[in-house]
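Below you'll find a set of structures to go through.
In the two assemblies presented below, subunit A is common to both, partnered first by subunit B and then by subunit C.
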Partner chain A sequence: MSQTAQPKPVADERVKEMSSFRRSLIRPELGGICGTIAVFTFFLLFAHDSGMFNSQGIMNWSTVSAQFMIIAVGACLLMIAGEFDLSVGSMIGFAGMMIAIFSVTLGWPVWMAILISFVLCLAIGALNGFIVIKTGLPSFIVTLATLFILRGFTIYFPQLLENKTIIGGIRDQAEGDWLAPIFGGKILTGFFQWLGDNELIATFERGTRQGDPVVDGIPMLIIWAIVLVIFGHVLLTRTRFGNWIYASGGDAQAARYVGVPVNRVKVLMFMFTAFCACVFATCQVMEFGSAGADRGLLKEFEAIIAVVIGGALLTGGYGSVIGAALGALIFGVVQQGLFFAGVESSLFRVFLGVILLLAVILNTYIRRMITGER
Partner chain B sequence: MKSMIKSVALATIVVAAPLTLATTASAEGEKYVLVSHAPDSDSWWNTVKNGIALAGEQMGVEVEYRNPPTGDIADMARIIDQAAASGPNGIITTLADYDVLQGPIENAVASGVDVIIMNTGTPEQAREVGALMYVGQPEYDAGLAAGMRAKGDGVTSFLCVNHAIQQPTVGERCRGFADGLGVDLGDSMLDSGTDPSEIKNKVLAYLSANPETDGILTLGPVSADPTIAALEENGMAGDIYFGTFDLGEEIVKGIKSGVIQWGIDQQPFLQAYLPVVIMTNYHRYGVLPGNNINSGPGFVTADALSKVEEFAGEYR
Partner chain C sequence: MNTRSAHEPIIQMKGIEKHFGSVIALAGVSLEVYPGECHCLLGDNGAGKSTFIKTMSGVHKPTKGQILFEGREMHFEDPRDAITAGIATVYQDLAMIPLMSVARNFFMGNEPTKKVAGVSFYDSETANRVTMEEMRQMGINLRGPDQAVGTLSGGERQTVAIARAVHFGAKVLILDEPTSALGVRQTANVLATVDKVRKQDIAVVFITHNVRHAMAVGDRFTVLNRGKTLGTAQRGQITPEELQDMMAGGQELVALEGSLGGTV
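Let's look at the complex of A and B:
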């Protein structure tokens, strides 16, 4: 929150005295922090010997959490600005398919396909925002329409052009491309090779990769997640624009009266959400080498769930990017952790629902403590 | 603060209850994980679950079933990574999308986990990723055989109800069927979605728009059950030539009453059961069959239905 960022003012009778302990405790992230501790404690107790906390296991749930984080950052900022985007999942499928169509079907260089997909996504994001602003309709409905339109195109185009719903071969196409490794590459490979050589992490036992470490680097997906979280956090808490986001979501009319360009803020946030979805899609396509019409199914809800677990308010004007990132971490760890712990996989949704409910209840109490409402 | 501690405690209890159940159910011995590409909503895979459960019980090994809840193949790749990290003796998995799953499966093989490909994929792909073998039904060939059979029965045009349009291997059945009939696939493949009432209404709409259609192919219970309902509603049941892939309770009833001419059974039970048995024996005694195993296609018609009927949806 921006208030905590400013230097402590000199004693002012209008400001209620509050101990620094209490001040540090009541933050939007508190629920997320407690949840993270609880979840890790739980899995350390129940799944410590299942491979969940060896290098491969850690990389597994980190990658899944990083995926959630990327879309959660966008969804978080948009939600604080008072709007929803339900088209995130479809946008992921659409962006991936565009990259595949431009690069594989049309044979364009991969960097160009990626850039064009980003331009398309940003344009669709802007269109979402524009329609919401101009019509005054709830963003819920507008982006629900976009959800169907984009998903429909994602199925239609590849069937029209390639007569199938999964387009592969992007990995070969991306060979030697300068932009592709920024999304699909891995860094610190030398460091992990060194760890493997010194038997600090496990190595492959057989096959062509014998001797290679089982984890051979940090995927760029995780780097993107960290960069986006830091960017979002700084934007929200350290800049004037961040205050505008809070103001737009808190009370748009009041914000307009004091000169906040609410429309511009909202459209930009829709574009940022679309950008995050496109980053997600590009990383996925570059890693797996194919784009499918079913990619990103239900991801919009997963993003919203992560944001809500992280303490943001569905009505806007309140929340934090760090909270959303912790929400994504909880989501990822629980999802993969349940597999490690050997829980029947059809129960996953039950756990998800329970955690969501607990997080929302917890966050409501914390918010009441902060705002003093009864 | 107190309420928070309470809710955390509550969470632990709620989360821990089924967990203790799950852990007590596991047996001693080898551990095998089956990873499928099916979303939670696909009931057909229940047979697979029963198949590995039975094999696990009979062989005295621990078995687990995993799937991506929404059927997203990229999520499935993560599950294979996860399964490999949890250190089982073997993984049984489908190859729903070769590009996506190739890497995770190769890594699992390289880290010392044996892999058998079941259900979806081809014997060639299974060999390329380093799997021990492939157990399943070659989809295109099965569709082709069905198409030739339908042609022999006098079918000239058809509707293919595809409830899994995002899965290329399932679509292969339609393509094979069209080639077997000797007609162009064209617009005959209907993207039906997975919602029963949507499927039913789409089939009704297609048939009233294309009244000359004289054959229907459905690709599983998900599309077959609503199609049966649709045909009963518009009076075409028993009149139009109707074949389906896979079996289920409604399909068996349909075959019995003459609404469905035949069902193609790829015998998913074997696809789940055999890999567990094969790998257990391989790990215990080092014996391994030398070839891939075709679990299907087998045509199930009105004759010899009793066993099928008894176990439909459970083991058939």
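Let's look at the complex of A and C:
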């Protein structure tokens, strides 16, 4: 079976040569990278002496960014797989409330409350995906319905059981629990103590905690964000399942024809998004010690904005988890940075809108260069 | 090439019927395809060509009839079963995903993996190397394996899809109107690719409604009309005009044909 077609050394005269520098620059995350540099430059210039870049300040915006990152990773993979989940915000409120009801109202151990909430969230995520696949309806509509249903239950249950919409006292319940610290704890506390003792970071100057560092460790929330970003990135770019995610969102029918299990991929991504929402909710509940019926409001849009700033295509098939993480970082830094810079907080939305628009324009331009869309 | 297998059809479709509710899309179509031949399936829009090949490739299950592949009766549950057996289909506009790179498209659904510390990862090195090799053989110059399919021309996309099917061991290659949306030169490239594939002893089922494209590569021609076969002809036994007439409606249109002066 000798193929006579010889390799043609001549390049196609109509394909322009691209320098390797330009090629390495043109990637989906480029918009996110540019945005991150721009945002940090801006705040280094205008808020460098406001405390934004000391240990407390960094911890402040890192925590907020990490919150956005956790839900952005889920939203990103789902969007690349070609679907939306608008129920993320309600899911956060719902999961937090379930943990509170199970542990405080019903008095179950906190670890059991957390695990059951995760199972519930994954089941609801799977149901979202299942309905989308079976009915062929846009996920936008299906998850919009879930948004209202979950939010309704999140307000109804605590009122029915406790006659209030905020359930507190979870911190006391979580005392000595083995699972709670994985979401609400802090790590590297010894290292931060050492930094404080050596006067590398700020310490309390008086009061009962005199001598303790102001920032006493890295919250598990940030660790979850980093782990989820790495997991999402490796899954998407380094596994065959990642290729199926791209294929499912790029063209579901074409993917099906070559044997990609598109339905399974989509349902799993809905479940992963729900998982991320539940991680967010658990961290928040453990940090505050309470669950409120209005938690997670508008988070679905914040997640989608972070993902889009990060270079993902709204219609699926294209995007990057690293980009989404940078989008979340931009989001968090801008939100907290404006506060540090002493800017009127209502201007945050103006800022956000401008960044979103610029990022999307840049991303569209980059994507056209990569994919040859016209 | 292979005299033994040349006498045995690789795939036989016997009396295939397919009903969608009250609509009879196929009313008993039979067809045999031999290894190394290019079997052209012609027919006008709505003749049942698409339904027929979707039955062959496992997308639809036939309401009645038998599919024999290498002499054994097959019941395909989904396209995956057909692909595993060695029946690959290249669809006109659904062949490739433009947003994804050529390498990722090439291995879509068949990604090579390598184990690192017990976890299996996508082996991009192998994927990239094989893709570049295959593309070079097909005469397509890529900037790199990560070039997006969207930057390729329509003919190149069809060629990549055909190369993909052949690489993954297709014994029967079904091409669904591969040339209908292409320019003259791109069509020539795709037809040349079909010829290359046929010489590798692969059976090609070529669906088209363009008689000239069919005559250029076909060994045998089957015409479908209103869910039925109007017969199969060998190369040289039939003229392009006759084929065109059959496609245009067979016996029913003969009378009309006269008054139109053979311009259909």
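Following the convention adopted for this analysis, the second predicted complex is superposed on the first by the 354 of 374 C-alpha atoms of A that agree within 3 Å, B and C clash if a C-alpha of one lies under 4 Å from a C-alpha of the other, contacts with A are read in each partner's own complex, and residues count from 1 in each chain.
What we mean here is this: a contact is a pair of C-beta atoms (placed from the backbone, for glycine too) under 8 Å apart; a residue touches a chain by one contact, two chains touch by 3 or more.
Because the structure is a prediction, the values reported are computed rather than measured.
By the touch criterion stated above, A:105 is placed in contact with neither subunit B nor subunit C. Residue contacts after overlaying the shared chain place A:372 against subunit C, while subunit B stays out of touching range. Contacts of A:263 after superposition: neither subunit B nor subunit C is touched.
By the document's definition of touching, neither partner reaches A:189: not subunit B, not subunit C. In the superposition on chain A, no residue of subunit A contacts both subunit B and subunit C.
For subunit B in complex with subunit A, the residues that touch the partner chain are 3-4, 7-8, 10-12, 14-16, 18-19, 22-23, 26, 40, 64-67, 69-74, 77-79, 81-87, 97-100, 103, 106-107, 109-112, 130, 165-168, 171, 191. Those residues of subunit A that touch subunit C in the complex are listed here as 1, 3, 5, 7-8, 10-12, 15, 18, 23, 237-240, 242-244, 246-247, 250-251, 253-260, 313, 317-318, 370-373. Those residues of subunit C that touch subunit A in the shared complex are 59, 79-80, 83, 89, 91, 94-100, 104, 107-111, 113, 120-122, 124, 136-139, 141, 143-144, 148, 150-152, 196, 200.
Here subunit A touches subunit B in the complex through residues 34, 38, 42, 46, 50-52, 54, 56-57, 59-61, 63-64, 155, 159, 164-166, 168-171, 202, 204-210, 212, 214, 284, 288-290, 292-298, 336, 339-349, 351, 354-355, 358, 361-362, 365-366, going by the rule given at the top.
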